[in-house]
Structure formats: structure tokens, C-alpha cells
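Here come two complexes built around subunit A, the first alongside subunit B, the second alongside subunit C.
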Partner chain A sequence: MENIAEYIKEGRQEEWRVELRKAMKAKERTSIERVHMIEQDPHIRNKNILEVNQGITEEMAIVESHRCLDCVEPTCTIGCPVGIDIPKFIKKIEARDFLGAAAALKETNTLPAVCGRVCPQEKQCELNCFYTQKLDKPPIAIGHLERFAADYERNSGKMNIPKVATPNGVKIAIVGSGPAGLAAAGDLAKLGYDVTVFEALHEIGGVLKYGIPEFRLPNEIVDVEIENMRKMGVKFRTDFIVGKTASFEDLREQGFEAFFVGSGAGLPNFMNIPGENYNGIYSSNEYLTRVNLMKAANNGYDTPVLIGKKVAVIGGGNTAMDSVRTSKRLGAERSIIIYRRSIEEMPARVEEVHHAQQEDIEFLNLHNPVEYFSDERGRVNKMRLQKMTLGDPDASGRRRPVPLEGAEFDVDVDLVIVAVGVSPNPIVPSSLKDLKMTDWGTIVVNKETMQSSISDIFAGGDIVRGGATVILAMGDGRRAAAGIHKYVAEKVTVK
Partner chain B sequence: MSKIVEKVFFSENVAKFVLEAPDIARSRKAGHFVIIRLDENGERIPLTIADGDLKKGTITLVVQKVGVTSARLLDMNPGDEILDVVGPLGHATHIENYGTVLCAGGGVGVAPLMPIVKALKAAGNRIITVLAGRTKELIILEDEMRKYSDELIIMTDDGSHGKKGLVTAGMEEMIQKEKIHKAVVIGPAIMMKFGSLTTKKYNIPTEVSLNTIMVDGTGMCGACRVSIGGKTKFVCVDGPEFDAFQVNWDEMLLRMGAYKVEEREAYEKYLSTLETERA
Partner chain C sequence: MADLSTKYLGLTLRNPIIAGSSGMTNSLKEIVELEKSGVGAVVLKSIFEEQILLEADYRIRQAQTDEMTYADFSETLDYIDLHIKEKELSGYLNLIHSAKNNVDIPIIASINAVTTHEWTSFARTIEEAGADALELNIFVMPFSLEKECADNEKAYYEILKKVKSQVKIPVSVKISPFFSNLGKVIKNLEKFGADGVVLFNRFSNPDIDIENLKVTHADILSHSSDVANTLRWIAIMAKRVKMSLGASTGVHDGATVIKQLLAGADIVQVVSALYEYGPSYVLEMTKFLNDWMERKGFNYVDQFRGKLSQQTSENPDVYERMQFMKYFGDIK
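The block that comes next holds the complex of A and B.
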């Protein structure tokens, strides 16, 4: 990783970068105001499924790129889990070389159009930008610019398909087609491996498809990337559950030399409170899967979904925000977030919370459900809420929510969506007796190579981290690809 | 994609399908199920693997028409393709030599019961089978079941075949006759509930195979959840078979009715499109 810093520094000395730096004074750059994303009107968008963020124009992107100081120590890059050369891609935009900017992004990030949209930038790259750290000004809009460059490339029709090394004939299996699996597959294909991605569901993309809604990440964007991977020779097999449809042993016999497991954290948690199994109480995974993957709300599709007028969503993460905003779009009169801590402590991306507020989502912070009630047919019609207050900090450093004795009241609801986290998917671990696991059901790996306790099995993403982020999953996938490459090379010399 | 290679009607509303699915045929065991999706607009529904042929690479499903998806499937024919078939899902049935096993199947529940009976027989058990249905037409797989059973009786609500009476009456009769060590009851939820109340009276350990509503079948959504011994379990990954005495039947019955209105509307719409097509 230390040579990344070297590489980033060297790039800064290239003539065109030096020229650009000279072209505008730092003071002038820092006086430019941060770009504003073009958004659909909140009261129109909360009735449609079109993307909320409409992107920024070329001119806006160029103005924003001028703000970036091309720092000697670009601290922003430290905040990016895959170490994107952020100043390089931004300066390419300033030089109006948008395709060059996209190429710079793709040196380390296989899915920039996705990350530009869903990364929690305010906790990663943008948090570490010189503007945030030293100038106390809004950071460079790194996410918006990343999205801009990636979208520009996609719309240009000149999408760059990475060069693939001469096929080496070594078969590698990828288990799961979420961001971790896709990133690993992409890198291994580039290295010349014969890669097959196995996916349990009927669609490729993992959470990017079944979880994150179209109004935040259109499926088309993911599909274009998958198409490119096909062009690089990656094979996809849907409806195939590794550990069920075929065992790891079966696949070894079919000649697969190594495995990357990116099976995600797909098991929804419930709170185990009375009445939680009444009809009309969904996990966020079920609700979002019905709507996004099965298109239950679209005309002509067979899968049903219950439509609520008074909807409560329990939780404060991205999943909760996606569910509550979906319920509004499906016609709810009231859509309420119920979260046991304060709004500042919600783990969701700041932008999503902000967008939800604009869309007339109600927030009941410092509240927690304790019981559900139903009508005679078993459909939820009421919930009991407990008021909470913040006590002393817990192990995570966040103040622990504690119940306010006696402060309970009832709210009428006809649909409840429980979004209180997920646990690792147990299918792979339960099919491999010798696989070393943590007490939380995640797979134990070597952090450098992502190798598990079984030498030909590597793992990454949510199955290793518990619920994490797209970019961390992709970082894991890439590291595992490097780990697999090394492992295969060593295995061949030993033979 | 899975091609339908054979279709046989057992009655007007129940048909057997043999599908090409070589990977699943290789790895499936008694008790496993698949999830299928007919086409792009289809829903995902669970169906038990009733049988399989390793050499031909096929699996057998037995399907009863109850709503849109099952009706559309029954309208499909050999040569047609099913877009998605995924499996085998769930835990395989635990098979051992218990001694004498009472196997009670109601309606299309006989289909999932068949591979279990076959496996129990192969493990050396004495098999006593009760097949039940409302009328003669609804009794399926009688010959196959007879082949693997040491004794078999048939119960119909209207007495049109076998004895007149409910499945529970047939079970009682067999329990009175000899010592039963284990029971397996599979059928509509209400039948499993009353069947297991019967075996409970005699303290016979009983397994049921739950047929909850499902979406993914891989533990990802929780649509299939039920309370087992007071704890929430996911039928698709923790089951589908459970100790009958631990199941919260009333909750399960309520949950199975979650989409009654939506399903009825969808079914009526489907029937009316068929009529306009035929007109």
C-alpha cells in the first residue's frame, strides 16, 4: 500500500498537473462555493421512482474541480477505502478530459458510478479533505464528481473495457454477486483467470439490486457494469447456491482452484417483541426485495406487497431510509422513522436523512417499539412505543439509549418495516464444517490476503465484516483477488 | 432455465411435472424443496422435490392449483421452459430406523411425503400410511405410496374412496392397532395442526413440513418466519421440517392468510384474461 502514496505523489509532478495548479491561485479556488446536486423536487419525487439526484452538468463539474487544491498531502485519499487517486481524477475533470477522469477512477474502483452515488462520503473521502480538516469549509464534492465522470463515460458510448491478460486457464469460483464478488471477479478476469460468479438469486448484483432502490441507484447502472464484465469473459450463473446446488467439493472436482466467498449479510434481525409476527410486519429485506427485485408494486407482476397508509419503519440506517422513502412512494399518508437514538446518531448517509426529511418523512427519534397489536385477521393495526433518553456512552462510544420509565404510548399503523440490522448469511458457513468463524457468524480471514482457515477459500464483504458498505466490500474483493493470484502462483510452483 | 419434460394430471387440479435440473437432481435429498419463477413477471414459489432421477438429470414436482402461479404452471406443457428453478433448499429430512412410523398425508401434501416415506422405508422402518383428501379425485400418488407402505388406508371427507372421515380418524385407528414410534404429518396447515394434536394425545414424536409463504428461500427476507417453541425461526433455512408440538399453529395459519385479498384479486384477473383469450 505504501507505493500507492508514492504513485499518487509522482502523478502530481506531471507537467499537465503542474500547469493546472499554476493556472489559478489557491485563494481563488477556496472562494468558490461548493456545487449543488440537481435534485428532483421533493414533493414530485416522493411519488415517483426516478432517481432523486439528477447529476451535475459539465460546467458545474468543471467549476467544482477548480476548488480542489491538488494538495501535496492529499488526505482525502486516506479516507477512501480503495485508495482512489482523488486529485488525479479531479484534475482530469479540470482539464476537461472526462474520459481520462473515469479511467483514473477505474484504476482502483471497478464501480465508480455506484460509489459516487452510495458511498458515505461524509465519513470517508470528504471527511478527510483539506477543506473539512483545515479550512472548515464544505469539502470538495468528491462523490458528485466521481458520479459525473463515471456517468459521462457510460453515456459517451466509449466505455473503456479493461484489458484482459492472456487466459491462463485457471478456474476461480466467486460465491455471491454483490459488490465484493463483482470486484473480485473483475480483478481476476483482468489477470487472465477463468472466472465464474455463482448467485443464489435470479439477478446479479446483490444488495445493489434487491436492496438499494432505483430512486437512489438505478438498476441500469449496475447492469452496464455487469455487461462489461461479461465482455471481459466473466461467466455468471444465477439460481445457483454454492453449498446447496453444489458443494465446494463438487466445484473442486469440476476444476475450480480457488473460491472467493462474498455471500453478504443477508439474514434480517428482528427485535423479538410481542406481536412481531403479525401480518403487515416486514423485515426491510422482505419489503425492499418485494418492491425492487420482484417489482411487486409494478403493474403486471405477480408478487404481492402490502401497501400501507400509516407506515412505521424501525431503525436509523440506510436500509431504514430506503424502506421509509419507498413506502411514501407507494402511497403512504404517514411514513415514520422510529429510532431509539437521536437524529445525529443515525448511521444512514447524511444525504439520505436530509432527502427523507425533504420528502415529508416524519422522524420519531428516541423512541423504541415494545409491542404490536392486530385486528381479528392478524394484520397489525397499532404499536406501542417507549420513549428513550440517552445515557452513558457504550463500548462503541455512542451514548446508550435507555427507556424513560412509564413513558409509553400507542400509534396507529397498518404496515411496519423492521430495519434493525442483518446477520451474516449462514448458508456457506454451515456447508463447510472446518471453516473458522467468529461468534457473530462472520468468516475469519487474514486481513492482508482475505484467505480463510481453508486455504483455497477467500472471503470478503459483509460475510466478513457484518453489515458494512459497498466500497469496503469492493476493497475486500480486490484484496482477495490479489490474495488468490498469489495463492495460485504458489500452488503451481509447489506442484 | 429448466425444460418441462413430462406432465401428468393426477386430477383436474393436481399435476406432476418432471423438469430438467441436473445440478439439483444430483444434490437433492428427501425433504428438500425448490423455488421456481415461471417468467420475468412471475413470483417465486416454493415446491417440494417429490422425486428425482440422477441419470436423466431430472426432478419431479407435484403441484396443486391454488392461485395464479400454480394455475399458470398447470397450463404449461412439455417443451415449455421455466425461467428459474433454484435449490435444493431447506434441510433434508432426518432419516433413521425408528421402528414403526405413521405417515399421514393430506391433499397435495402427499407429494412431499413420498420421498420421505421412500427414505424411511429404505432405512428399515415399518411404514403405516394414511392418505386423506376431500374426495376421491384429491387422493394422489396412491399406487406409489402403497409400494413403500406396509399398510395404507385412505380417508375421504365424502366417503367416495376408502373410508369416510377425516385424516385424524384414520390416524386414531392405526394408533389403536399397534405401537407407533414416530409420526410424519404433511398437508394443509390446518390438517397438520389437528393431525399433530392427535399424535400428541399418545405422545408420539411428530414431524411436520411447514408450507409458509416464501420469497427468496435462502434466509434473506423472513417472509417464512414462524414461532417454534416461542422463538422465531425461518422455515426456508431452519426447516421446513419441525417438531409439530413446538409449532405455533394459530400464528402460522394467520400468516398464511396475509395476502388473501391480493391473491384472490390476482387469480380472478388471471381467470378473466384466460376467458378473453378463449373467447
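The block that comes next holds the complex of A and C.
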């Protein structure tokens, strides 16, 4: 699939697509209301960890698919980092070929059930939809439809395992089993490579497992996708830290011809304000890992986690929303988001903010913590907040938060979760002295091939970007897979 | 050989010539060289809030052009200014650590503060890193058409008070001359806990290129003629405040060092001359000071410090006179 645009254009000319377009006038299509996701009741779901979104029915999916105009220039596809043929999979739904829709998604997306749930569609494909751009109407619910097709396939018992090429015997190592690693592994397996994914933790999935809570992305969904990859021949090794358990040189000696490093950004950032070391102040990474991966809140698990009654979460991204909603589910009486800009500037998905508001999460926008205080045992019991206002725009066009001189007040808290970003995991870089790094600890790569300064090592996702979305990381993984394929073809004699 | 040692902010310096905050005091290598050249102390390059904001904007633009740095919607990018600041500050603390481990002269850290917020808490970390003193380089641009003059001055006092509440090391304040009543402001700084004041900070100034019709930067370096205003105010304030007085701007030779000491300064800060002639120029300046003291029969600095301050000189009104009098007007 060298030229995605050409491929998409050709697909539009297929007879079945032409017939579908003729079957309903554009005006009729645009008059259909956008489908609404079925959700758990906010006051029930904020006490359980079941998935908030319940999916859409077949009928709803079919109605929604009729809204899609199958545009000549499908601008929605421009916004997709993995290049999904969006009109094709939607028209498959309209044609009631749901398994075909799932297959269309899997042509370029290894994890459609995941992306349908966690992608910021309103900032990518749906932002570029004709409805948004030209009609000033709600866009096609591309994310909902993606989820529907992937879930339908999974529940049908007829999971399509992508075809893999004849094995070429070339061993490739993937470091990290997060979205970047899984995307690279999937594409390389399709090309016939002997792929092994090395994961430092005891579970496969990286941030999809430890970072995103079950109420947004059930682990079962990730496990099914991983199982599919196993069926494609991908091998997984857990509790294996590349750079510690074995070095790159060890793995080269074992016959690995190339590496993809997708080891993520596991180092949490803090604000470095006074009192931030008190007990009861977690990074969002630690808090969510304890709850999501180590099941700290479940009976029968030994991992401890502090349960707060008055919880403050610092930040305005998806991790902040995940943390604050988790705290509510663990019994907090008051769970507050503290964010230094206004709600419009929050980087979190609009749906997550909306869901949090429905679940009685308080939002203290235009506030920033400046100091924490503790009781005599060193447990945080109070935080000092600085009121903010918005100043001139920064380079992103968003107005910069500026402190309001003299406007400070204290708030009682017993648990604080800091979600202000992460830094790259240093283990791989520190084990390779010739690896070219940025001064931010990210790996320098060629943008097209994702090749690093060490020719057999490719990288993508958070370890390259410092902070990425799931879909961007997957896009990196796919580009790296193509880069590795080219590298192997040029440098290694295929056995 | 005369005794050139002096007291500044309660610290004993081997001589009164301090390398002022600049690009030349931003690395261990240069600090070591400055010590070898004989400076009495070093003020490290200031950390500027403005610089951090510019760096943040650069990172955001990189992310927007897909230069493989951050995703537009990541929390890391959302707080990029915070992370840049953290990185800068961490580098700064390392510089203090390594300077303290490698040189014997006092190391004075410097913060360019414009607000009372997180920068003031950084003062405590600077102290923990081992800095001998802290210079607060404060400048609140006085162009607000809404604020009263007193509000601007209050900002200086608030920053100082907040920093003083955080640290035990001595704190000096480097200020500009742009106040409606500079003398009272300096007195107030002492009242609110300043251990010293440095007159004056030097700004980047605008200029206009009339050929290319462009706004440009004026000379970055000072000139020896820039010394007069500092000299005036050191002389006026000497013996009127108990805190240390530092003279900055326009100190280009040994003679000017002596003038400032005579006016009442405890130390002088040198930057432009070091850029122009290199760190070894300090040796020439100290030699000039030593030779002059020997020639005049002074054994130590306190024997002549402040001898020509406004309070002690025979012609004190020269320091106050701003307007040219009639007989100056006759000078062709």
C-alpha cells in the first residue's frame, strides 16, 4: 500500500460503493442526526469500574453510517495518524458487512477496538470531517463506528486474523508492548518476520494496561488484540528489561537483526513546589499503575494504595481525567481537577471531560498549586492554590496562564495526584552510549523511517516524542516497521 | 602589597571586584578562569522567566510542525514551560554545586524575578545547593497605565520579603534607577530585609536602523561613560544605609573601581570590560587599585571607602545637582 491516497480513491470507484452512494441522496444523509453513545448512568458508573461507554447497536451503527457522504476527497483520512481508509470501513457498515468493516480497519490499524475507545477523534478524523468543516454540523461518529466494527468482530467469534507472509526467518525484537510496539509488531508479523516483543512488566499492553483505567478501556479488549497477534506468530516475553535482563548486544548474538524501541515515557514529572514529597502525593503513573495493573483496590491483592476522601488531581489531560475519575470510584467524597487554564484549553478528550463532569467531579480551573502542607505524620492535609488568569497566547494559540497577584487560598486534601506529563524511560538510552539523544532524553530518529543513530535500532512513541497519544505512537510503530523492512532488505540477506 | 579584602553581604572577599551576572559566569570552566584571574566573587548568570517562556514557545512550535517532539494534546506539552523551567533550574543547581566544589571564592546565585510566585521558592533550593548569597535581579517594567507607582514598588518589596522568608543566606537586590523616589525605595529594601543593593541593572535597549527602517538592539555592552549615575547614587546612599552597596554598570578600569569605593561602594561588578578584554583584565584592575592604595598610603580598603560620599565629601551638592546651572551654560 505505497500510496494510501490512491488506494482510497480506487476503493471509492468499486461498484458496491457507487451503488451505495446512489441509494440515498446527500440531502437525506445530511439530515440524519448524529448517533449518541449508550452510557452507564453517571451516578452508578462513578461507583464501579465497568466501561462507561456501552457501545452502539447494529441499527444505530447503520443509521450513522448513512450520514457519511463517501466524499471524493475524504478529508477525515488526513487526520488519521495510521491512515485508516475511513469511508471504506463506514460504507462496509452501511452495507451491513460488519466483518468487512473490521477487516478494512485492520488493514492499517492493529488495535481498532482500542483506538475506537481512546483516540481523540474530535481533534483528528472527526475534526477534518466534511460535516465539521463545511456543514457546521456534528461530524460522523467515526470513533463510535470504529469501536462498533471492532467489537462486532470480537463478539462474533469470527475474528479475522490478518494474513501473514511466508516466514522469512529474520528475527526482530520489539522493546516495549505499548501501542507503538504492538503496531510495529503487527506490521512486521504481516511481512513475515519472526517478531518477539520484550515487556518489562508482567503484563502485555504497556500504557494501555497500566495507564488507561478499565472503565475507559477494559483490559479484556487489549488482551483479545494481543491474542490475535499471538495467532499471527508474534511472541511475547514479559518481565524482561532490555538493557538490564539482556543487553542489545546479547540479543544481537541471539540473532536479532533489528530492534524497535517503544519503551515509552515512564518517568513522571512533578511541579517541584514545596511539600510535594509528603505522603499522599502520587504521580498519576504510580496511582494508576497501582490501581489498574496491580489491582491495588481489589480485595485479595497485596499492592497498597492510599484511598483519599478529599482528592485533588493536578492537570487537564486524559491522565488527569483518568486519575480523578478513578479516585471517585475508590470512594472519594470530593474529587477535584485543578488546572491552571480554563476548561476550553484542556488537552483531554472532550468526552472524558464531559464524563467527568457528569460523575460529580469538581473542576477548579484557573488554579494552580503552589505549596502542600502535612499533618504531624507527614501526610498531606492541605494545599495552597494560586488563582490564575489568562494572559497573551503562547505559540499554541492558547492563552498563557498568569498568576493573579495575591490571590491564594488553602484547600483541605488528603490525596493529591500529579498529572503534569512524563519523561522518557531512560533505561534503553542509558544502555547504548552511541545512541543520539535530545537534551530532553528522547531518542533522535529519522522522521520517515524512525531509524536512530544506531542503524539497527528504530524507535517511536513516547520515547521519541516525550509524550504522544496512543494513535500517534501507533503511527510511529507502523512507520518504523516499514523502515525496518527497508533496512533489512538493504542490509541483511533474507534467509 | 595593600590589603584589598572587603566585606560584602557579610562575606569576606579577597578584593572588591566581582564578576557580574553574565554569559561569562554560566559555566564551571569560565568560573574557574575568573577565579584564577583574581575576581573577589562571582555572580552566576541569572535565570530569566522570559527566557523560559521563549523556550516553551519554541517547543510548542516544534510539536506543531511534527518535528517528533511531543503530541499536541499531551500533558507533557501542556506543562512544557514548567518542565523547561525545571530543567533549567536543575542545570543551575548543578552549576552551583560544581562551582562550590571547584573554586574557593564566594558564589552568588542570581534570579531574575518579576513575580512573587514559584521563583521565590526556588531561592530555598539555591541555598541548599550551596550558594553563598543570592542576588535578586528585579525589574517590573513600569509601563502599566492602570497601576499606581506605589504598586510597582510594592512588587519589589513583596518579592524580597518572600525570598527572605525562604532563606538564611544573604540576599541583595539589583535594581534599576527608574523609581520616582529611588532613595526611599533603597531604604525600604533595607527595611524589608535586603542585605545589600546593587545599583543598577543594565537593560537591553532598542535602537532604530534608519537605512533599513528596522528596530534593532542598541549596544549590549556598557561604556565607561555610563558610570556617572551609579556613582551619584552610591555616593548619596553610602552611610545612609547599613546594608552593603554594590556598584554596577560602566566599571571599565581600575580608576573607576577606586571612584566607586571612594563614593561608598563595598564592591563593584564588572561585565562589559571582561567581555572586551577577557578575564585576565581583572589582574590589571586589581594591580591598579593596589598601586594607587600604596601611592596614597592606604593599607586597607576601609581607610578610604566612602571618603567622598555625599555625607562626607567637601562638595556634597554635586551629587544632587541634576540641572546645568547658568555658568555651565556658558561652556562652549
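Assume the second predicted complex is superposed on the first by the 490 of 495 C-alpha atoms of A that agree within 3 Å, B and C clash if a C-alpha of one lies under 4 Å from a C-alpha of the other, contacts with A are read in each partner's own complex, and residues count from 1 in each chain.
By definition in this document, a contact is a pair of C-beta atoms (placed from the backbone, for glycine too) under 8 Å apart; a residue touches a chain by one contact, two chains touch by 3 or more.
Quantities reported herein were computed from a predicted structural model and do not represent experimental measurements.
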**Message:** Contact-wise, after the overlay, does A:Ala320 reach subunit B, subunit C, both or neither (first, second, both, neither)?
**Reply:** second
**Message:** Quick check on the superposed pair: does A:Pro74 touch subunit B, subunit C, both, or neither? Answer first, second, both or neither.
**Reply:** neither
**Request:** May I ask you to decide whether A:Gly186 touches subunit B, subunit C, both, or neither, giving the answer as first, second, both or neither?
**Result:** neither
**Asked** Where does A:Ala419 make contact in the superposed view: on subunit B (first), on subunit C (second), on both, or on neither?
**Response** second
**Message:** Per the contact definition in the header, classify A:Val464: touching subunit B only (first), subunit C only (second), both, or neither.
**Reply:** second
**Prompt:** Taking the superposition as given, does A:Asn272 touch the first partner, subunit B, the second, subunit C, both, or neither?
**Reply:** both
**Asked** What is the contact status of A:Gly262 with respect to subunit B (first) and subunit C (second): first, second, both, or neither?
**Response** neither
**Prompt:** Can you pull the subunit A residues that subunit B and subunit C both touch?
**Reply:** 272
**Request:** Report the residues of subunit A in contact with subunit C in the complex, numbered from low to high.
**Result:** 120, 123, 265, 269, 271-274, 315-320, 347-348, 370-371, 386, 394-396, 400, 403, 405, 419-423, 438-440, 442, 445, 447, 464-469, 472
**Message:** Give the list of subunit B residues in touch with subunit A in this complex.
**Reply:** 23-24, 26-27, 37, 41-44, 68-69, 83-89, 215-216, 218-223, 225-227, 232, 234, 237, 251, 254-255, 257-259, 262-263, 266
**Fill in**
Within their complex, subunit A touches subunit B through residues 200-202, 210, 238-241, 244-247, 250, 266-268, 270, 272, 276-280, 282-283, 285-286, 289-290, 294-295, 300-304, 306, 377-379, 425-427
**Residues of subunit C defined as touching subunit A within the complex** = 53, 56-58, 60-61, 64, 66-83, 86-87, 89, 115-118, 121, 124, 155
